[in-house]
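See the structures that follow.
Each of the next two complexes has chain A plus one more chain, namely chain B in the first and chain C in the second.
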Partner chain A sequence: MLKYIYRRALQLIPILIGITIINFGIMYLSPSDPAERELVLRGMMVSQETLAAMRADMGLDQPFWIQYGRWVKNLFKGDLGTSFASGRPVMVEIGECLPYTLSLAATAIIMTMVVSIPLGLLSAVRQNGILDYLIRVLTFVGGTMPGFLVGLLLIYVFGLRLKWQPVISDGSWSSMVLPTITLALAMTCKYIRQIRAAILEELDKEYVWGARARGVKEKYILYRNVLKNSMLTIITLLGISIGYLLGGTAIVEIIFTWPGMGKLVMEAINMRDYPIVQGYVIWMAVIFVSVNLITDLSYRLLNPRIRLSEEVA
Partner chain B sequence: MAEELLKITDLKVGTRGLEIVKGLTLSMRKGEILGLAGESGCGKSTLIKSVIRLLAPGLAITSGSITFDGIDLLGLSSENARKLRGRRLTLVSQNAVEALNDTRTIGSHFLETMKSHVKIEKKKALREAADLMASLDLSDPERILASYPFELSGGMNQRVLIALAMVMRPELMLADEPTSALDAAVQAQAVSEMIKLREKYGAAILIVTHNLGVLAHMAETVGVMYSGLLVEYGQNQAVMGRPAHPYTQALIAAVPDLQGQMKDTIEGSPPSLGEILPGCDFSPRCQFAQEVCQNVKPELRKLSPDHYAACHLDFKPLDS
Partner chain C sequence: MGIVPKVADPVKFRFLFFSALSLFIFAGAIAGPYLVPHDPIKTNFGLVNLPPSWEYPFGTDRLGRCLFSRVVCGAQVTIFSSLLLVGIIFAFGTAVGVVSSYVGGRLDTLCMRVTDIVLAFPDMVLAIAVAGFLGGGLTNAIITLSCVSWTKYARLARSQVLGLRDQTFMEAAKLAGNTTPQIIFRHILPNAMGPLVVTAALDIGVMMIGVAGLSFLGLGVRPPTPEWGAMLNDGRNYFQQYPGTIFFPGAAIFLSIMVFNLFGDALRDFMAPRPAAAVGDKAKPKANRIEANV
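Here is the complex of A and B:
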């Protein structure tokens, strides 16, 4: 098991090299000049001389590979560079946004799971009943509503009309409610439908019938067999969602002025703030590789066929 | 005559006006091994699924009754039917590998079955399961209990499934083609395991199969089904040795022998679902069919004390 984790961690290296080179290349080729922007920002005169001086100062006059190499060298020292826009270290900028992104992702995932697993199960067990139809219609509508629409509707109703929630979040626990619901709604609807489908497929298998023929209690069949086997589907969904949420959810964060990773990187892209964007890309790569790893490990835990074939091999 | 265990009276099972089982009457004694034979689609699986109250969705029992040891099975609530299933009557299906959950050990299958019926400690339950398997000559029961179904062979899974069905010592085991997916050597093991069940635990067995060899070997009473009805019924030696119904004769003649290829196959096919013939359902394929066969449904008639057939023809049973 440890060997497997170690091998998977090694795979991270080429992925990171590839991702950073591509990202660095795109930034390098982009038409906007950060040196010029920096001069404007400082209120200095933009001329050939000041521009050249600023470029030399920022290291932008050197060839691509030198710039990239320097960045990689610093990365190993735990230094992701300094933000062009704020002049503060990238590590600090990301470090400040991360707790907000993590807490929002956690609440959204928990809410999604708590609502979608029981409802998906219920919908499958009562297949073609009134409740099932109701759940299917509602999840269809909820799943097709775009996040910004839901967010704005929630702000209008609970912020402006009912005044239950602040319109602009102050980072407190209570101001997480609306962004959490916005994120969780679409996910919950998607999850309910997928969980329902997975459970129906599982209920159709012969072992369920076999268990019934032995008089096994329906609750054992449902929770210890069907739900357990459906967990593979749920975990696959979860892996994708967690990766997506930890990258920050730009639209929701901007609507609710939530100071997370998505908002940070959107602003950095607008400002051509290369170091921040690079730091973000590294973060995303690490997230996706580790979430994939955790997903694979849970597969092995849940499915003895995968687990045992690895051990023999 | 021993006490009656299962009685099926004029059972009709169908879906939206189409009848699959068309008024079948059958009875079984305690500890009896009854074998039902017939082509695919003759309603034999539907019949035993009706007994265990687990018909596929869409299928319903439209008339008739099934009593088990005096209990009206069709009148039971679904929870009471569940309590009876596994504890007093049980079913073994044909695809053992698929009938077990691949992500759980054989031991868990035994545990959840036992815990569904009685309060029992895990250790005690597993020991009982191991003892049962040992008594059925399954070697190394502890290893089997710790294994996952995919770690065992198909034949081993089938034998485990039979033991699993018997863990609560039910009085009646329904077996739906329990040997069809197995090769000949393993078939013999599964059959002898079932015979042992009867010897050791007195379980009655209703086995449904198209394998006449298995029936001839283990059944005391043999029934032949055609198109949702019993066409011949009686003591094993009587039915197998002196088949009276032309369908039974044809079925026995069609069994391939070890020397040659398939012998005489039966031309044509049974009436399709919903096709209602005024006379005998077998008459279009029957080489002896006469006018009466096409117009009047034959009833089961007594040929000898232990032998019944539903045929208009009044010839003596053939000696085969």
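Here is the complex of A and C:
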């Protein structure tokens, strides 16, 4: 296991380098000129000479790799630059928004789990029954709806018509309900279908027939064996979903004005506040990569078949 | 299976039905702009937020534009940009996957590293960032989404080729004196195509969500142009006055994504190797197949 962790961590190095290069590259190639921006900010005249002087002053006349190196060095010190718009460090701005996005993602995952495991199980046990058919149709419809449409419909029904929920989130717990449902709906539908398929496949295995033949109670087989073995599918799904969640929060946050990273970055884009955008991408990529690492490791930890075969080898 | 065409072949019927439905939508998207009753971008402040009527079947939006005409014309932008996108990522991803795995060695390692790095970003996060730097517009939205989504095809094509490379018929093709392009186009591609085509069909809906999503965020199609995502974004501040501004474009995008997804599912089932009718009842129940959908 340790050896695997070590190898997996080594693989991360080129990926992390790639992430920083792409991220810096986008910024480097972007049409805005930070030197010009700085001049305007200080109220100085923008001319060829002042621009050249400012570029030299900010190190913008140096080759790409030197600028990149300096940027990475600052990155390691936790310095992502300062926001053009507010003048505050990017790290501080992101630090304020990140908890909101993470809590939204967390509640969405919890809701998905709580809803999809029982429904997937039910659908599989009642295969081809009315309930199964209903669940399959509804999950197909729910999985097809784009998140922005779900969000708008929820606002219309629960916010404007029934007035159960505030239309604009203020960051409180109760205003989290609609954004969470919006984010979780498509995921829940997908999970229900996948869990159903996984459980059906598991139910078809010989050990289940063996257990039944020995007179083990159906409920015991279902909860202790089948569900436990199907958990591996769910872990794989979770790893894939994190990417969707991190991206999906942007749309949800805009719709519900949730004060998270997505809202921050959209406002930054509108104001051409590139350091914030850069910080957003770095953070999201790092979170995504680390969550994938964790799911990968827990998959191995929980699946003795892979773990043992590696330890023998 | 297919020697004597059976009348009652539900899988084939489903495939034909949804192909026809998809073609119908394409035809509607092409012909739409010539058939609509009103100019989709002409504003009329005398007729703001009207409910549906004979003159304006879906009512009018906050600028007095005919919603019906806008929804119909929006089909063209949303659907054809998604198709174009699928075409681009399919061609590019497959080319990268096939060439890198066929050539192998350092090129293969390099290509796979690049795919790994692109995959290290959550799709929508990278799309938002790239679109944010490039600025809005349909062309930039297409470039952005292509940059983000081609990796799936590269990986799939690669694994397909690796499975084919060491088979006997490949060796036979080489011994028969075929050149590398001949081998790639005549022997590898036809054999590797199946799963790639199915993935592409299922991706039409995904790309529609991507294009509409970017437009919804204001990073795609610019406002006066009718596009479903942009229309939803436009309508969301005014749907208290007239909910039709989000219902009609929302229904349009939902229904067309559903049709394309069902078409993709039907295509997958149609192309999957099916057991002959005689063995049919012994075959595994269909529900056990992996759900590749959304």
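In this section, the second predicted complex is superposed on the first by the 260 of 313 C-alpha atoms of A that agree within 3 Å, B and C clash if a C-alpha of one lies under 4 Å from a C-alpha of the other, contacts with A are read in each partner's own complex, and residues count from 1 in each chain.
Just so we're on the same page, a contact is a pair of C-beta atoms (placed from the backbone, for glycine too) under 8 Å apart; a residue touches a chain by one contact, two chains touch by 3 or more.
Remember, predicted model here, so these are calculated numbers, not experimental data.
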{"item": "Fit or clash between chain C and chain B when superposed on chain A", "value": "fit"}
{"item": "Which of chain B and chain C A:K73 touches, first, second, both or neither", "value": "neither"}
{"item": "C-alpha centroid angle, chain C to chain B via chain A, nearest 10°", "value": "80"}
{"item": "Which of chain B and chain C A:L153 touches, first, second, both or neither", "value": "second"}
{"item": "Partner chain(s) touched by A:P304 [first = chain B, second = chain C, both, neither]", "value": "first"}
{"item": "Chain C versus chain B, contacts on chain A by residue", "value": "C"}
{"item": "A:G248 touches, of chain B and chain C: first, second, both or neither?", "value": "second"}
{"item": "Partner chain(s) touched by A:K190 [first = chain B, second = chain C, both, neither]", "value": "second"}
{"item": "Contacts of A:W209 with chain B and chain C, given as first, second, both or neither", "value": "first"}
{"item": "First (chain B), second (chain C), both or neither touched by A:R88", "value": "neither"}
{"item": "Which of chain B and chain C A:R224 touches, first, second, both or neither", "value": "first"}
{"item": "Smallest separation in angstrom, by C-alpha atoms, between chain B and chain C in the superposition", "value": "9"}
{"item": "Chain B/chain C common contact set on chain A", "value": "none"}
{"item": "Touching residues on chain C, where the partner in the complex is chain A", "value": "113-114, 116-117, 120-133, 135, 205, 209, 212-213, 216-219, 229, 232-233, 236, 239-240, 243, 246, 250, 253-254, 257-258, 261, 284-285, 287-291, 293-294"}
{"item": "Residues on chain A engaged by chain C in the complex (per definition of touch)", "value": "14-15, 18-19, 22, 26-27, 29-31, 127-128, 140-141, 143-149, 152-153, 155-156, 160, 186, 189-190, 193-194, 196-197, 200-201, 204, 242-248, 250-251, 254-255, 265-266, 268-270, 274, 277-278, 280-281, 284-285, 288-289"}
{"item": "Chain A residues within the chain B interface of the complex", "value": "205-207, 209-218, 220, 224-225, 228-229, 302-305, 308"}
{"item": "List of chain B residues in touch with chain A within their complex", "value": "52, 54, 82-87, 90-91, 93, 95, 98-104, 108-109, 112-113, 115-117, 148, 150-151, 161, 164-165, 168"}
